[in-house]
Amino acid sequence: MSPDAWQVTWFTAWVAVTSTLCILPPGLALAWLLARRNWPGKSIVETLVALPLVIPPVATGLILLKLFGRHGFIGRWLEETLGVEVVFTWKAVVLATAVMSFPLLVRTARVAFENVNPRVEHVARTLGAGPWRVFWTITLPLARSGVIAGAVLAFARALGEFGATVMVAGFIPGKTETLSLSIYHLVQLGRDGEALGLLAVSVALAFGAVWFSERMLRKAVA
Amino acid sequence: MSPDAWQVTWFTAWVAVTSTLCILPPGLALAWLLARRNWPGKSIVETLVALPLVIPPVATGLILLKLFGRHGFIGRWLEETLGVEVVFTWKAVVLATAVMSFPLLVRTARVAFENVNPRVEHVARTLGAGPWRVFWTITLPLARSGVIAGAVLAFARALGEFGATVMVAGFIPGKTETLSLSIYHLVQLGRDGEALGLLAVSVALAFGAVWFSERMLRKAVA
Amino acid sequence: MNLEIARLRLPLAAFVLELDAVLQSRVTGLFGASGAGKTSLLETIAGLRRPTAGHISLDGMVLTDVGEGIFLPPEARGIGFVPQDGALFTHLDVRGNLSFSQRVRTHPARTAPTFEHVVEVLNLGPLVARRIGSLSGGEKQRVAFGRALLAAPQLLLLDEPLASLEVELRDQIISYLRRIRDEFKIPMLLVSHNADEMVALCDEVLVLETGRCIRRGPAAELFRPSPRPHHVLAKPVERAPFA
Amino acid sequence: MNLEIARLRLPLAAFVLELDAVLQSRVTGLFGASGAGKTSLLETIAGLRRPTAGHISLDGMVLTDVGEGIFLPPEARGIGFVPQDGALFTHLDVRGNLSFSQRVRTHPARTAPTFEHVVEVLNLGPLVARRIGSLSGGEKQRVAFGRALLAAPQLLLLDEPLASLEVELRDQIISYLRRIRDEFKIPMLLVSHNADEMVALCDEVLVLETGRCIRRGPAAELFRPSPRPHHVLAKPVERAPFA
Amino acid sequence: FAAASLSDALKVLAAEHQKATGDPVHLNLAASSLLARQIKEGAPADLFFSADEAKMNDLAKAGLIDPASRRSLLGNRLVIVVPLDSSLKLASAADLANPAVKHLALAETATVPAGIYAKAYLEKAKAWDAVAARVVSTENVRAALAAVESGNADAGIVYKTDALISKKVKVAYEVPAAAAPHISYPVALVKGGKNPAGGAQFLARLVSPEGRAVFAKFGFTPEP
């Protein structure tokens, strides 16, 4: 592999890991709320969460661009208060992949949380653990297979995301270039052979994630 | 809404339902095998299943085009034996959305199957139910929340799929035009207002699916 | 009944369950300390665990034979199993649990007690429409028991089916079990920690200890009346004004 | 101990649990038929269920007061609960279950039995490194029991903790419970169907029926020795060559 | 910001530019329509190199580019391609009405430049009505090419530069320059860029004879 390809691979892996880590806290919190609490508007929130899946990625990308762009609501605020520019930087890549993989994490983790027996959580509380500790020591470990599966799905999606990324981050070689963008680009140029090479790299990354998740699961069980 | 838009909406809903229904049997079977059996190459199959998520949609589309195209391996066979042409017809739309949503169903259903207590299945067998009946009367109902969640994810993905669809099915108004393709098209033309209208329709469909799934769950529990 | 268990070996966490026995009584008791291997033995007979060696046959039909690679699946054995923890189907209500075997059975049924009969004897009348999640411990145990009875088995394996029932209901069910034994001629294997139950029901008792049968004999011989007084709730006559 | 339960109302599937009682004994027994409401009462005291009306306080500390909207969360009550089904943490091994409360506790602990002590008395030594999934029924019950003891509670709620244990172990644990009662002065509420256990442990017993306390009094008064013989395993001396 | 089809040539030029001036050039390579969209939403671009005049006109109308800097730099030609093993003989647009052409692959005829040009060509040749029902619109030129490669479309109309990259299609007919609309790649400075001076410098390199030579090497026809 050329040094360029290495650099793209690292960047992609880094983006996928970062975006997965970023969505874990809010994703798990939301999944838990959906699984364990009843509140008005739950169905609406569920639909909203699924949105990035439902609408075509370009549209998601456009919405993100409008929000985070220089004229955008959040973008302007970020630039004025923190001096941070998001669009067309690596931050936009992370943002796009995070938004696109969020629904996958939430849905899968929710199923896992729903399957944890509340009686066991109750007993943990009589043993002196507050709700927060119960979540960390009981709910999360018991739901781990689902949470890990959700994280792997999110990671995989982050590796493959293209439509929204290219809209908010552009395809700037060496700056916002991910494997997925490169593959698209190479396919466009008819350089299928090189595209195939990068595809293999993507698949290897995905395989690594699956393998790692299986190991984590096995360790947790043993 | 214009009659055209209605037609596109119906077609999209129909495609999403059909592709979800098509992947349910193989998806659930595979999820069960991943959850309940240990076999060599399991990690590899898991990675393969996740592939449509990992690689950019165009690449998936290109691979499908090569397989199902007139010179393609499967395409030729289908045409010669059954006289069926897939590419650039509605069948290609269903194919593309099915392939793209398959990993979401499998992963989510797998988590749900893993959470079913095997003891309960064992007892069902001592009561005279064969493995097949146990699956239908015990495993599947107990895993229903996850299976339904997986189906909803798959349905949502099917609504939003764009990249692979446009590659194998083209954008043929009145024939392979889905909401997602229309939205993309309108966004490209800068007709954001109309795009927003169709987006709202997509979202309404997704909301319908979420609402329906919640109802099914509640009925199953009651 | 003729249940033959020959050279059975089943490795467990801390020891190996080993048994060689021919059981021919109508009701055989399994007695032994916590963790002696009683449940594991029942599960092996029911076809839920595969032993590493040995042979099990019931009335001439081979159920398991490790040497010849025979392992009849549980649903073909016609053996009812009431597990210690109930293992009820939480997605069905009580009626759904009780009638489960009737809906799924593929093998022909023996003459069996009727649904109404089982419901009456086990006192399940007010519960038939209830969800499993809202049952009390004893109620769950009775449902699991009724579910197995309605499967019309050729042999019933009962894992402490009376452990969380009060004395009155327990006595009632014991006399019902006696009728099953005599009327329907369904042989049983009964695990219990209660010697009185053993004496009341079993023709023969096996005592297990760390996976081996250390004693075996008629219940009346193995158990003796205790010198320690046994207590029951006194009739409330002496304190009439109360409640 | 001074556990005050005033005008408590908890609607259940078939009836409403209603109770008005001040409990001051060291060990109070709850006796009653399957489904009488015993478990529901314990869960309400532990803070796992919210009653629709009533007041509960322990040694002057208000735990629940529906009128004033007070509901102390379970972790702040210092009440140990051994549920009927164990509800063990399947992702931890036996040691992890036993030491759980030590790791998570935020409220200061009372003087409590030590880990080693509990392990020894409950015969858990060979089990500490085992996974929950491979335990027998009685083993699970003992782990759940030990886990609650190690939480150093101010009050112990025991839901049939001895139901699936053999007589020897049961006797041993009963004498241990007596020591806890006397040495550590932890008061207890004990649910059991076994009158002998009640007589051996309880100072006072409440008899529940469909959600109401129908009788109440010292164990020695409520129960009387049974005329029916009680059986125990006979010593194997008479058949010396066996085993 | 430049059309994706220009990427190979531009990467070479960007590298040369950095070597010569020390200023790095950040390329954003995507479909022209997408780039135009991004610039409209305030993307920080200095230079826009579009694959068609329409997109550039859009931005000019919105007042986002510096009209003085606008140049039509490159030209391209349309060709009709068929699968390598095809026996189809095509000598004019009218031949596309031949029933043997069941599917005709074009890039999307409303948004993608190649599609817009192809449609205009067919209309000019009075062949559009005859073939319209058999047109398969694809997302972009590359997809149209892929459709022909895989044999699912019997013919397609694409750029000459694109036809050259595929070894599985052959050019059946090269549309004469006069018969088709004038295809050109305009380039212009974007207003409000972060580094207008750098943009102008790079633009100068693109229009220089050396720049043109590089484009010519990649199959484009530099315009005067």
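First chain written, first letter: the chains are A, B, C, D and E, and each begins at residue 1.
As a convention for this text, contacts are C-beta pairs under 8 Å (C-beta built on N, C-alpha and C of every residue); 3 or more make two chains touch, one makes a residue touch a chain.
From a predicted model like this one, the values you see are computed outputs, not experimental measurements.
**Q** Where each step is a move between two chains that touch, what is the least number of such steps from chain D to chain E?
**A** 2
**Q** From the centre of chain C, which chain's CA centre is farthest?
**A** Most remote chain from chain C, centroid-wise, comes out as E.
**Q** Between chain B and chain E, tell me the centre distance in angstrom, where each centre is the average of that chain's C-alpha atoms.
**A** Inter-chain centre distance comes to 35 Å.
**Q** Could you work out how far the Cα centre of chain B sits from that of chain C, in whole Å?
**A** 46
**Q** From the C-alpha centre of chain C to that of chain D, how far is it in Å?
**A** 26
**Q** Listing for chain D: what residues touch at least two other chains?
**A** Where chain D meets two or more other chains at a single residue, that happens at 85.
**Q** At least two partner chains per residue is the criterion; list those residues in chain B.
**A** 58, 62, 187
**Q** What are the residues of chain E that contact at least two other chains?
**A** 34, 37
**Q** Which pairs of chains touch each other in this structure?
**A** Applying the touch criterion to every chain pair yields A-B, A-D, A-E, B-C, B-E, C-D.
**Q** Help me check something: in the complex, which residues belonging to chain A touch chain B?
**A** By the definition above, chain A touches chain B via 43-44, 46-47, 50-59, 62, 103-104, 107-108, 110-112, 114-115, 145-146, 149-150, 152-153, 156-157, 159-163, 180-181, 183-184, 187, 192, 195, 199, 202-203, 205-207, 210-211, 214.
**Q** In their shared complex, at which residues does chain C touch chain B?
**A** Listed in rising order, the residues of chain C that touch chain B are 46-48, 73-75, 77-81, 83, 85, 87-92, 100-101, 103-107, 147-148, 151.
**Q** Hey, which residues of chain A end up touching chain E in the complex?
**A** Residue positions touching the partner: 58, 62, 65-66, 69-72, 85, 87-88, 166-167, 170-175, 185, 187-191.
**Q** In the complex formed with chain D, which residues of chain A make contact?
**A** Chain A reaches chain D through residues 117, 119-120, 122-131, 133, 137-138, 141-142, 144, 220-221.
**Q** For chain E, which residues are in contact with chain B within the complex?
**A** Its residues touching chain B are 33-34, 37, 40, 58, 83, 103, 105, 108, 110-112, 135-139, 143, 146-147, 150-153.
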